[in-house]
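Below: a set of structures, written as structure tokens.
What follows is a pair of complexes built around subunit A, which joins subunit B in one and subunit C in the other.
== the complex of A and B ==
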């Protein structure tokens, strides 16, 4: 009995030391949310899709408000120019200038690739804060690209998420994830994202370059590079209307 | 002796009626089953060749790894030049380019916004050229339920069932929405020129047929196609010839190191068609074996019963000095005669029924709900030259084997005990 008591005390001591070693996980993801999410943002980006046979770059401008509203206009190349996407809550519409049609995307189509990239419509729409959809715990500490990172495991606490769990490597200095492994419910690794070129913009740390790799398809991944990003802007309300798609 | 035996068979109905009925039924079933399976498999092979596999198919090497997938990004490029090469080197085939695609059809409401959407499998094929054979291969004109054939670019045929589901009629406009060869978004408006019913569930659930040039435009594939299909001018698949073409075409591009270089595969290299063809070839043998085995057992039993009934007759014949072998041979002659009569009657009825089913067909559409196989819903038998004689093989062999087995008992009769047996 004496030995059992001793063993229990010993195990408790080890356990509390393990937790004491790492900061509070909830605090880390709160800081990530503060960096990555804003009331609204306006950005221009270049998405380079490294396909199996060729690479191509698509330039776009996006306006987004929290996780409810988003409007993207494709600026180049010529074949995509004028294509627009509008997201309102869980609904997504695409306007194609060639057909002058507004087409709604729903159901399983939301899991399809956007413009042949490694990103799905669902990925583009997922703008919810991590604290709202995941439970987190810190499972270790590693160094990636000469940056000290907390290794975190996130598990969904709501049903309607694109990825059931995530493994994040969070930069200990900026509190920006610099690598994300995204898993399905079966535990299969579905996508990997690498976040680079972290800059301080309007008081927050923000990665300007994202590299996504759909682990289920061939190709060399998609690089999403923001050329200009502004937070907390005044965005006219008409931007987020179906009428603006045809303008 | 043969005429004597024949008279005996015809006059002594108790000796011949039951075996003739059994042989006749067996022969009829053999004929029916053979023509049924030949019909089903034959139709499926033709349908698959015309819609999907061709007799030989040229695709990119990457696509050849998974030929059943419709990966538009693995398409062939520079197809005008490629077709010229194929026509020059393999002139006895009709080479046609096609684009198979999986896509979404979006039907607009009066405001031009999405009213309904549905997934479709589609074909871009040459339907507008004056000398194209593609219209016949897809049996398009007879398959039209409403509307008419596309007569100009921008017109499309869609499945009747799909059109009904989405309340679409000829003249309505829809948008085809998919991915371009490069992975971009493909949007193209089309007008429904007509609706079609192919008689295969997998197609009738949701298919769209557009002209190859419209498909090239929609999916941004100038001078590109998903596949180039080769059809023998005879329109009949020939395994040996197809293999030769495959070897020849692959040799043409052997030095090309590009992983998207053309590669040829035959019909039997695709989607389990090889096993299907082997199965089709083996049907006759399988059926004959099954029926000979089953009927020989039945007729052996019937022969044993007959032997028991004719126990006294054989005893008298032996007592009169007839040789055992002579009795045994006469028994086999009788079996041959009964087998021929039964097979003739059974084959006649079997061929008649087969011919009727070939003409009328049996609609099994209700049983194929949800089927993903490319099989016709109206099943027809195929009356081929083999149909006329296939029933005779099990018919004659089974009764001869049955009687040969039963007749062995004759040799077990002891001549010394015959008079004792006959006194009883």
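== the complex of A and C ==
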């Protein structure tokens, strides 16, 4: 009995020491949210889809408000130019100039990849603040790409979450995740996102390059590179209407 | 009796002209039988296979469930209540749970429908007993179409990703326990069957189902109220409507083909009749002059034309019986591409020649031959016997 008591006190001491040497996890994910989420943003990006044999790049301009509204217009290549995508809450519509028709994407189609990338329409619609959906703890410290990172484990605190748990490597200086591993309930690694080229824009740190990799699929993933980002802009309300898809 | 004797005597006397007509008409008769027998055989086989593999004697469905609308799967499921559980235990119904998922064969993503069925069910022919066991692995059965499309074999391991009822992604490997061969694409193409208990667990839908397949016993015992409270009932006839419509449309299109053939044969009989009346004016005049009524003469000539069809049926039976019997035994091989059409067609269709089909085909040939034989003979009623004996043109 005496030994068990001793062991318990010892383990408790180790545990408290472990937590003491890391900053508060809730504070870290709050800072991540402050960097990654804004009232609204307008950005231009180049999405490079790395296939087995070749790669192709798609340029687009996106307007988004929180996690509820988003409007994307594809600017190049010629085959995709004019394609527009509108997201309002949990509904998604696509306009294709070739057919001059607006299609609502739901059910099966939501699982299709966006233009052959590693991102599905579902992935594009999942944009919620980490503080709203995850409980976090810091489990260690590692160095990635010459940057010191907090290693964090996030576990869902709500049921309607796409990925039950996440492992984040958060840059200690900018509080931007450099790597995100997304896991299913069974613990299976499903997706990996690598975030690079962190820049300070309008007072917040923001990664200009994202690489997404569906870990169940072969290939080198999809690179999403921002060429221009502006936060807290005045976006006209008509942008987020179905009428703007055909404009 | 005199008319029959005269008709056959005249017919056989006409020699090659009669036999050419008879041969063409007999071919039309055999082809009518062949096409209708093939379609009836397909209909019977498709209905039987669809019932045995897919729909049983009907389905009890969640009100939102529409098998042709994958968008509805997300919401079309609910808990199995105690009354339904009793029916499951009695073997009168079997529950099926449906959800969407993605598979990753050879590292590429493919969307599929994941269906859960009880491994102990005996209502459908699906080899669901192969879903038992697994030592921690999720066992799955797939149809040969799915196996071919995804290049899968028994024993292969395959990554499946799904979303649970709350929308959370998860993925796990499944093992292909069996590949079944069924003529019903609706249970095969882009579908994977796993144990319903496993699917309920991974999707966090405890004791839930999307629809139930029922057997004849259920129909007998629940004649008054086929749909349990909160569910809707889809009858066998409703579920087979699409198939019936396809068969109906096929019958109509094949009817055009054999209708043309029949029309050629009938046209030949019509021409023969016109020629016969023209050439035998003196004979017709003599009949009337000797006291035969015009109506009786019309009957002789009409029967003569109709007799072509009787001879055609006899001739068709002589060569058609062994030919059609061969197809009944050996079946009519279908091209492999029909497998991809989404219709329940087996590799060979075994035609069915029912008594109704044979009698209706005989009546079609005889009555149509009678009509085309009668039309030219109407002139006889206006015939003046003196002019006819003189050979004046009608």
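What we mean here is this: the second predicted complex is superposed on the first by the 241 of 247 C-alpha atoms of A that agree within 3 Å, B and C clash if a C-alpha of one lies under 4 Å from a C-alpha of the other, contacts with A are read in each partner's own complex, and residues count from 1 in each chain.
By our rule, a contact is a pair of C-beta atoms (placed from the backbone, for glycine too) under 8 Å apart; a residue touches a chain by one contact, two chains touch by 3 or more.
These numbers were taken from a predicted model, which means no experiment stands behind them.
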Checklist entry - Touching A:159, do we find subunit B (first), subunit C (second), both, or neither? => result second
Checklist entry - Of the two partner chains, subunit B (first) and subunit C (second), which one does A:214 touch, if any: first, second, both, or neither? => result second
Checklist entry - Which of the two partners, first being subunit B and second being subunit C, lies in contact with A:227: first, second, both, or neither? => result neither
Item to check | subunit B versus subunit C as contact partner of A:186, first or second or both or neither | outcome: second
Item to check | Residues of subunit A at both interfaces, subunit B in one complex, subunit C in the other | outcome: 106, 113
Item to check | In the complex with subunit B, residue positions of subunit A that touch it | outcome: 49, 51-54, 56, 79-80, 83, 93-94, 96, 98-104, 106, 109, 113, 115-117, 242
Checklist entry - If you look only at subunit B, which of its residues touch subunit A in the complex? => result 62, 73-74, 104, 106, 108, 112-114, 117, 175, 177, 179-180, 182-185, 187-189, 220, 260
Item to check | Contact footprint of subunit C on subunit A as seen in their complex | outcome: 106-108, 111-113, 156, 159-164, 182, 184-186, 188, 190, 214, 216-219
Item to check | subunit A-facing residues of subunit C, complex | outcome: 69-74, 100, 102, 104, 106-109, 111, 159, 161, 163-164, 166-172
